[in-house]
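Next come two complexes built around subunit A: one with subunit B, the other with subunit C.
What follows is the complex of A and B.
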């Protein structure tokens, strides 16, 4: 499954968005789309399981978890060289 | 459930009344302005996260001492989940007081809610959260937590030093520009 699709799949299951996560744009603000800070914890933990990574503290920002593009960039950084 | 909403509405009403009252007093007494943050958490969402992610969720969000306190509630036969939810709400309310920018990374554990002997709660900051508070000149953050079976709420308040500094600057400017 392509990375963006996998991310959207996790958002659909954990982010509690008002909009359909499968059609959400890469740069849509997920917090404005309804993701609460508590839901973002679930999104982070689900992403870690799915991609076998651990987000370091330096990545726990709205810039990273606020958009599909931000999440993808962070996962790409964490999985680089595999 | 309606009773829960009524209680929540009463808590929020009391908070806003207190805030308005304080702001009015500030207007007349020239006190420093406040930073405030509030958050509400559905206790069932915390229970769901514990069910889904277990220890990973708990260890990622809560400090050892926070977990120790909540475990003591469970050991005494109580339900620890509303206490965990209240602590999460408190962390988020403190986050709103700190006002991080989009690139500021704040780990949930860097905002720790500690419980004093009297039962009141206080905030202990670590890492970047502590740095943000220092940068803003916040000398301390007060926090209050409350929960029912369904919802947990928290309010955090800090005093900004900006107006006091502005006053000092104004006086300094006046001294330097007026003979």
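What follows is the complex of A and C.
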């Protein structure tokens, strides 16, 4: 599954968004769209499991997890060179 | 005045002056008469500071509806701190098994079942369900005090498993709650300093459990949702938080269906003074014998 689709798949399963995770814009604020802090933790853990990465503390932020674009950039950085 | 700060020194001094009474289990020592007098006078001092705020006083027992704890999501954040209450619900035949297990010195957990109550992990939890519905125009302001339980056995006298908190809870629109918070940010520091305590404040985060917890803590810090006021009690370089202010945004409003007159989810915040820690800060700063404290401090507490 391509990265974008996988990310949206995880958001669908864990973020508890009011909107449809497959069609929201890349820069839509996920927190404003309904994702609570606790849901964002579940998203984080699911992303780590799916992509076999571990987010360093500096990435455990609203900047990274607040948008699809932020999540993708973080995962691309962590999986670069694989 | 001895300026050495360490957990052991404070513990030894408190015990030597019979201010605390060890019981053999960490974090649940007794409090002596003089300690209690100081604690109660500090609590009364807080009442005087806040007396014109128009708060409604409510007193709950140190127990909470288990379903409220479950709904609150406390167990997602601090599963390691909560204390539940179990009891024997068997009959006479079961009693034989329970007694045998106890007298054999083994585990008797299997003979108990979870009850409908848990110990309160924070003084404010019992009041949130009573806010369900539409709040009045001015919101709610509640004044509470209670014992709270946190499973954190520690030899540090400032880290107790059972301790009292004087708590204020505000419910309202975000603007109202943020204004209230800004007022208390200064007031908390000022009132402690007026007692000669070297109080400082800083943004803080809760000890959320686990890796996910680090993300919650980073979130909380970044949004300035929690601040603490600290005083050196067992360490100069690592002062002890004696007062914390917690802005919950819409967390409890959402869970307990609390709405503003305009129909929005209400915001809440709570603040708590750790009464034992404040008393210990007074003893550590001014000495173990209140009769020897500076007049300026005594006048505020013994009015």
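Following the convention adopted for this analysis, the second predicted complex is superposed on the first by the 82 of 82 C-alpha atoms of A that agree within 3 Å, B and C clash if a C-alpha of one lies under 4 Å from a C-alpha of the other, contacts with A are read in each partner's own complex, and residues count from 1 in each chain.
Note that in this section a residue touches a chain if its C-beta (ideal position, glycine included) is under 8 Å from a C-beta of that chain, and two chains touch if they have at least 3 such contacts.
Just so it is clear, the model here is predicted, and its values are computed rather than measured.
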Quiz item: Which holds for A:45: it touches subunit B only (first), subunit C only (second), both, or neither?
Solution: both
Quiz item: Counting only touches as set out at the top, which of subunit B and subunit C does A:57 meet: first, second, both, neither?
Solution: both
Quiz item: If you stack the two complexes on chain A, which partner ends up touching A:25: first (subunit B), second (subunit C), both, or neither?
Solution: neither
Practice problem: Answer with first, second, both or neither: which of subunit B and subunit C does A:37 touch in the superposed model? | Solution: both
Quiz item: With the two structures laid over each other on chain A, which partner does A:66 touch: subunit B (first), subunit C (second), both, or neither?
Solution: first
Quiz item: subunit B or subunit C: which reaches more residues on subunit A?
Solution: B
Practice problem: State which residues of subunit A lie in both footprints, the one left by subunit B and the one left by subunit C. | Solution: 37-38, 41-42, 44-45, 57, 60-62
Self-check item: List of subunit B residues in touch with subunit A within their complex
Solution: 39, 41, 45-46, 49, 52-53, 56-57, 60-61, 88, 92, 95, 100, 102-108, 110, 127-128
Self-check item: subunit A to subunit B touching residues, read off their complex
Solution: 37-39, 41-42, 44-45, 48, 57-64, 66
Self-check item: Touching residues on subunit C, where the partner in the complex is subunit A
Solution: 73, 76-77, 211-216, 218-220, 222, 251
Quiz item: In their complex, what parts of subunit A are in touch with subunit C?
Solution: 36-38, 40-42, 44-45, 57, 60-62, 65
